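Shared between the two complexes below is chain A, which has chain B as its partner in the first and chain C in the second.
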Partner chain A sequence: MTASALLARWANGPWAGSLRSAAIAAVLMAILMVLPPFLSLYWLRLLTSVLMLAVIAQGMNAMAGFVGYPAFGNVVFFGIGAYGTALAIAAGFGMAPALLVGAVPAATLALAVGPLLLRLRGHYFAIATLGLNEVVSALAANLSGLTGGAAGLSLPLGAGTASDAAQRAYFGFVALFAASLALGIFLRDSRFGYGCRAIRSNEEAAEATGVATLRVKSIAWMLSALLTAVAGGLYARWVGFIEPSLVFDMAISVKAFVMFLLGGAGTVFGPLIGSLLIESATTLAWSHLLKLHLLVLGVTIMLVVLVLPDGAQGFVARHWPTVRAWWRPRS
Partner chain B sequence: MLSVRGLSAGYGGLVAIRSVDLEVKAGEWLALLGPVGAGKSTLLGVLAGLLAARHGEVRLDGEDIRLLPPHRRLRLGVALVPEGRRLFSGMTVRENLMAGTHALPDPTMRRRNLDRVCELFPVLAERTRQIAGTLSGGEQQMCAIGRALMASPRLLIIDEVTLGLAPLVVESLFAALARLHEQGMTLLTVEQNVPLVLAHADRGCVLSGGAIVMEGPAAVLRDDPDLPRHFIGF
Partner chain C sequence: MQLVAQIVLNGVLLGGFYACMALGFSIVWGVMNMVNLAYGSMIMVGAYVTQLAVLHVGLPLAIALPMAALATFMLGYALQRGLLNRLAERSVFMTLIFTFGLNMALINLNLLLFSADVRSLPDVFGRASFTIAGLSVPYSRATIFAVAMAMTLGLHALLNWTPLGNAIKATSFDPDAARLSGIDVPHVYALTFAIGGAIAGVTGALVATSYSFSPFAGESYTMKAFVVVVLGGLGSIPGAIIGGILLGVVENLASLFLDSGYRDAVGFALLLVVLVLRPRGLMGRRFFAEVKG
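So, the complex of A and B:
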C-alpha cells in the first residue's frame, strides 16, 4: 500500500478526528517554538501566562468538560505542585525530578479522595472540592516548618539573565501545553474518553453499559491533577516566590472555568481559545479599568452562558456551514 | 444460566418486588410480562446490578453475583438494554458502540463485535459518524441493543424494546432479536406487547404486585384465559 493510500484510509477511518487535531496541534507547536525571538519580554510573559492558564483550563475541562464533574477546587493541585516543586528545588533537586515531587502527591491525592468525593454530583461535588482546597491551603499556611507558612517561600534564582529565565519558563509551558492537547485528544477519541463522555451524558446508562464509573472518574481526575500540578511547579520556578494565598487562589480556578466554558466544554482546543480571549480581555481591562476587571469577568461568564452555551468552538462549528455557503459562489 | 431465589428489592420504604424466584435457561428467550408498576424494571435493575437486592440470591451458572457491580456482571456476560434506550446522545453511533466495550479488554473481540452489530443492524453501519441523538427512535433502539452486544454478552436483558416505536420498526426489531436468539443468545425481555412477544419467546412469566403469579411455555400462556386478568389487576 502506498503512503498516500494509507493516508487516505486513515483520513476516512475512525481516527480522522484525532489526526486532524494532532495536525493542528503540530502547527501550533511549530509557531510557538519559533515565536520567542520576535517577542519582547512583556509579550513573552503574557504568552507564557496564556499557555499556563490554557493548561489549567484543560485540567478543568478534563473533569468538568469531558466527565461532567465541576472540579471547582482544582487549584488545590496547582498549589500542591507549586509547593512540592519549590521545596524540592530548595532541597537541591533538578527541575525534572522537582516537578515530579510536585506532581506525584497531587495525583495521589486525586486518586485517594476521588473515590469518596466523586460519589457526589454537580454542586455538591464542586463544593466538596472547594473544601479540599481550603484544607490543603490551610495546611500549607500553618505547617510553617515545612512550607514557610503564610510568609511564603522564596526560590534560589536560576542561572542566566532574566530573559533566559523567561525563555525557560516559556518553553516549559509550551511542552506542558502540548501534553494538555494530547490529553484533550485522548479524552475525546479514546475508549477511556468515550467512558468519560458517557458518564457526562448519562451516568446511569454508562454504569449499565459496563463503564466502571467510579474508577474512570477517579483516573480522569488524577490526569487532571497531574497536568495542573506540573503547571503549578513550572509557575513556582517561573515567579520564584510562592505563598498559600497566591497558589491556592480560587480566582485561578474561576478563571480556568470561565476559559474552558468560553472556548468550548469538552473540546480539545477550547481551553486555549478561552485563555487567549480572556487573557487579552483582562489585560485590556487591567490597563484601563483596574477596579472593574472582576466585573468584566463576571459579565463575560453571564454572556457566555447566555450567548455561547457550547463555547466559541461549538459556536463556530454550528455556524460554519452557513458561513461556507455564503462564502462559496453558488453553482 | 441465571437463577434467582427469594429476591426482594425496593426503594426506601417501598418494596417493589418480594421473594421472586426466576430461572433463565441457557439459550432460551424468556418474556417477563406484567402490568405497569409490577416491578419488572426493578427486577431487571437488580439483575444487572444497578440496584441492590435486599434479600435472596442471584446466581449466574451457579456463581453468586448478587454483590457484583454492573461492569463485573457484564464481564461475566450479563448485559442490560435499559428502558428508554438511554443513549449517550451527544456522541456518535460508533462512540456509543465503543463505549459499550469498556468491560471487554480484547481488541480483536471489540472489532469482531462491531462487525457483528453492523451486520445485525446495517442501518447503524451507514451512520457510524452520526450523532446518536439525531437518530430516529427505532435506530436509537438498535444502537442501544448494539451497545449492549458490544460487550459479548451471553444473556441479553432488554427493557421495553418497543416503547414508543412505530409498528413496522417494532417488527424489524423483533426480527433482529429472533435472529440473535437463533444464533444462541439467551434473552430476557420485558414487553408490553404481549401477543407479539409471546409469538417469539420460548417461555413467559407474569409479574404482578411484585411477585411472580404465572409461568409457563409461551404457547400455553398465549391461550390462557387467566392471562388478561393479571393485567387488569383483579
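So, the complex of A and C:
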C-alpha cells in the first residue's frame, strides 16, 4: 500500500477530525516559526504574550470547557510554575530541568487536592480553587527565606542580548502552544476526552455508565495544571523578575476564562482565537486609553457574555444562515 | 487570658460587621444563584457616597448612611433590571465572569470619579472607648456592631414578615411557579439585588467611618463576604452571623501566632477546610440553593 493510499484511508477513518486539526496546527506552527525575522521586538513581545495567554486559556478550557468545572483559581499553577522554575534557575539548573521543578509540584498539587475539591460543583468549586490560590500566594509572599517574600525574586540574566532573550521566550511559548493544541485535540477526540464531556453534560449519567468521574476529573485537572505551570516557568525566565502579586494574579485566570469563552468553550483552537482578540483589545486600550483600560476590558467581558455566550465560532454559526439569506435573496 | 478574651471580643465585634456585609452577598446568591463579584465595588460606592456627604456636604453620618444605602439600592436595581436579568437562565460561570467584568468597570468608574487616593473619614467617633468586665470596647466598633445587627434583624423581618419577603422566597424556590402566581419575577429579582446593594451601601458607610479605602479595596470585601457565606451556609441569616463571627475571631486569633501577611489566607484556609468537610456550610440548608449541581 502506498503512503498516499494509507493517508487516504486515515483521512476517511475515525481520526479524520484529529488529522484535520493536526494539519491546521502544523500550518500554524510553520507560520509561527518563520515569523520572527519579520517582526519588531514590540510585536514579537505582543505575539509571545498572545501565545502565553492562549496556553493558559487552553489550561482553563481543559477544565472549564471540556469537563465543565470552572477552575477559577488555576493561576495558582502559573504562580507555582513561575516560582519553582525561578528558584531552580537561581540554584543553577538548566532551563529544561528548571521547568520540571516548576511543573511537578503544580501537577502534584492538582492530583493531591483534586479528589477533595472536585467533589464540589459550580460556584463552590470555583471559590475553592480561588481559596487555594489565596493560600499558596500568601505562603509565597510570607516565606521570605525561600521565595524572597512580597519583595519578589530576580532571576540571573540569560546569555546574549535582549533580542536573543525575547526570541528564546517566543520559541519556548511556540513549543508549549503546540503542546496545548495537542492537549486540545486529545481532549476532543480521545476516549478520555469523551469521558470528560460526558461529565460535563451529566455527571451522574457518566458515573452510571462507567466513567470513573473523580479519576477523570483529577487527571484532567493535572494536565491543565501541567500546561499552566510550564507557562509560568517560561514567563519567569522571560520577564526575569517575579513577585506574588504578579504571578498569582486572579486577573490572569479571568482573562484566560474570557478568552476560551470568546473563542469557543471545548474547542481546540478557541483559546488562540480568544487570546488574539482579547490581547489585541487590551493592548490597544493600554496604549490609547490608559485611564479607561479597566473599563474597556470590563465592558468587553460583559459584552462577550451577553452577545457571544457560545463564543465567536458559535456566533458565526448561529448567524451565518441569516447573512447568507440576506446575501442571496430567494427569487 | 485577659489578652485572649480581648482578642475574642474584638473578633466578635468585627464578625458582626462581616455578617452584615455577607448578607447582601448571600441574598443575591441564594435567590438568583448568582455570585456577585462586583459586590465589593458596590461597598466602595457606598463608602464614597458617605464620604462625599459627610466631608463635602457636611451632613451628619445618620443622614449620610441612608443616602449611601439609597444610592446603592438604585444602582443595584438598575444593574439587575438592565443587565443581569438577561443572564438569569445562563450557567453559573457566565454570571461569575460577567460580574467580574462589571467589577472592573465599576473600579474604573470609581477611579475616574474619586481618583486612586486612599481615603478615610477622620475621627467620626474619636478614639474613645468604654470598658466591660475589664475589656475595652471602642465606641466606633460598638456602633458598627450595633448597626450591623440592626441590619441583620431588619433583613430577617423583611424576608419573613412582609409580602415582599414572601415573594422573594417564592421566587427563590421556583421562579416558574412564582410567575404563574402573578409575581413579577424580573421586578423581584431586581428588588433582591437592590436590597443586597443597599446592604453593601450601609457596609460601605461603616467602612468609611473606620477604615481607609480606595477603588481597589472592594475585592477583599467581596472575598470576605464569600468566605462568610460559605462558612455559615448559603441563605441562612443565623449562618451569616455565625460565619461572620467565626471568621472575625479566627482572623484575630491568628494574628497572635502568625505574621499579619497571613490574615486573609487564614480565612481562605478555613474556607477550604469547611468546604471539604461540610460543603453546605455550618448552618446551610437546602432552602435557597444547592451546593452540588
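We adopt the following convention: the second predicted complex is superposed on the first by the 315 of 331 C-alpha atoms of A that agree within 3 Å, B and C clash if a C-alpha of one lies under 4 Å from a C-alpha of the other, contacts with A are read in each partner's own complex, and residues count from 1 in each chain.
Everything that follows uses one rule, which is that a residue touches a chain if its C-beta (ideal position, glycine included) is under 8 Å from a C-beta of that chain, and two chains touch if they have at least 3 such contacts.
On a predicted model such as this, the values are computed, not experimentally measured, just so you know.
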- Query: Looking at the overlay on chain A, is there a clash between chain B and chain C, or do the two fit?
  - Reply: fit
- Message: Just checking: does A:Pro14 make contact with chain B only, chain C only, both, or neither of them? Give me first, second, both or neither.
- Response: first
- On chain A, which partner's contacts cover more residues, chain B's or chain C's? C
- Query: Between the C-alpha centres of chain B and chain C, what angle is opened at the C-alpha centre of chain A, expressed to the nearest 10°?
  - Reply: 80
- Message: Quick check on the superposed pair: does A:Ala138 touch chain B, chain C, both, or neither? Answer first, second, both or neither.
- Response: second
- Message: On the A-aligned overlay, A:Gly210 touches which partner chain: chain B = first, chain C = second, or both, or neither?
- Response: first
- Message: Under the stated touch criterion, which partner chain does A:Gly195 make contact with: chain B (first), chain C (second), both, or neither?
- Response: first
- Query: Where does A:Leu295 make contact in the superposed view: on chain B (first), on chain C (second), on both, or on neither?
  - Reply: second
- Message: If we overlay the two complexes on their shared chain A, which of chain B and chain C does A:Leu117 touch? Say first, second, both or neither.
- Response: second
- After the superposition, pull out the minimum Cα separation from chain B to chain C in whole angstrom, please. 11
- Of all the chain A residues, which ones make contact with chain B and with chain C? none
- chain A residues touching chain B - in the complex, by the definition given at the top: 14, 191, 194-195, 197-198, 201-202, 204-212, 216
- Item | chain C residues within the chain A interface of the complex | 29, 35, 83, 86-87, 90, 92-94, 96-98, 100-109, 111-112, 223, 226-227, 230, 259, 261-262, 264-265, 268-269, 271-272, 275-276, 279, 291-293
- As the complex stands, chain A meets chain C at residues 64, 70, 72, 116-117, 119-124, 126-128, 130-132, 134-135, 137-139, 141-142, 150, 254, 257-258, 261, 291-295, 297-302, 305-306, 309
- Message: So in the complex, the part of chain B that touches chain A is made up of which residues?
- Response: 48, 50, 69-71, 74-75, 79-80, 82, 86-91, 94-96, 98-104, 128, 147-148, 151
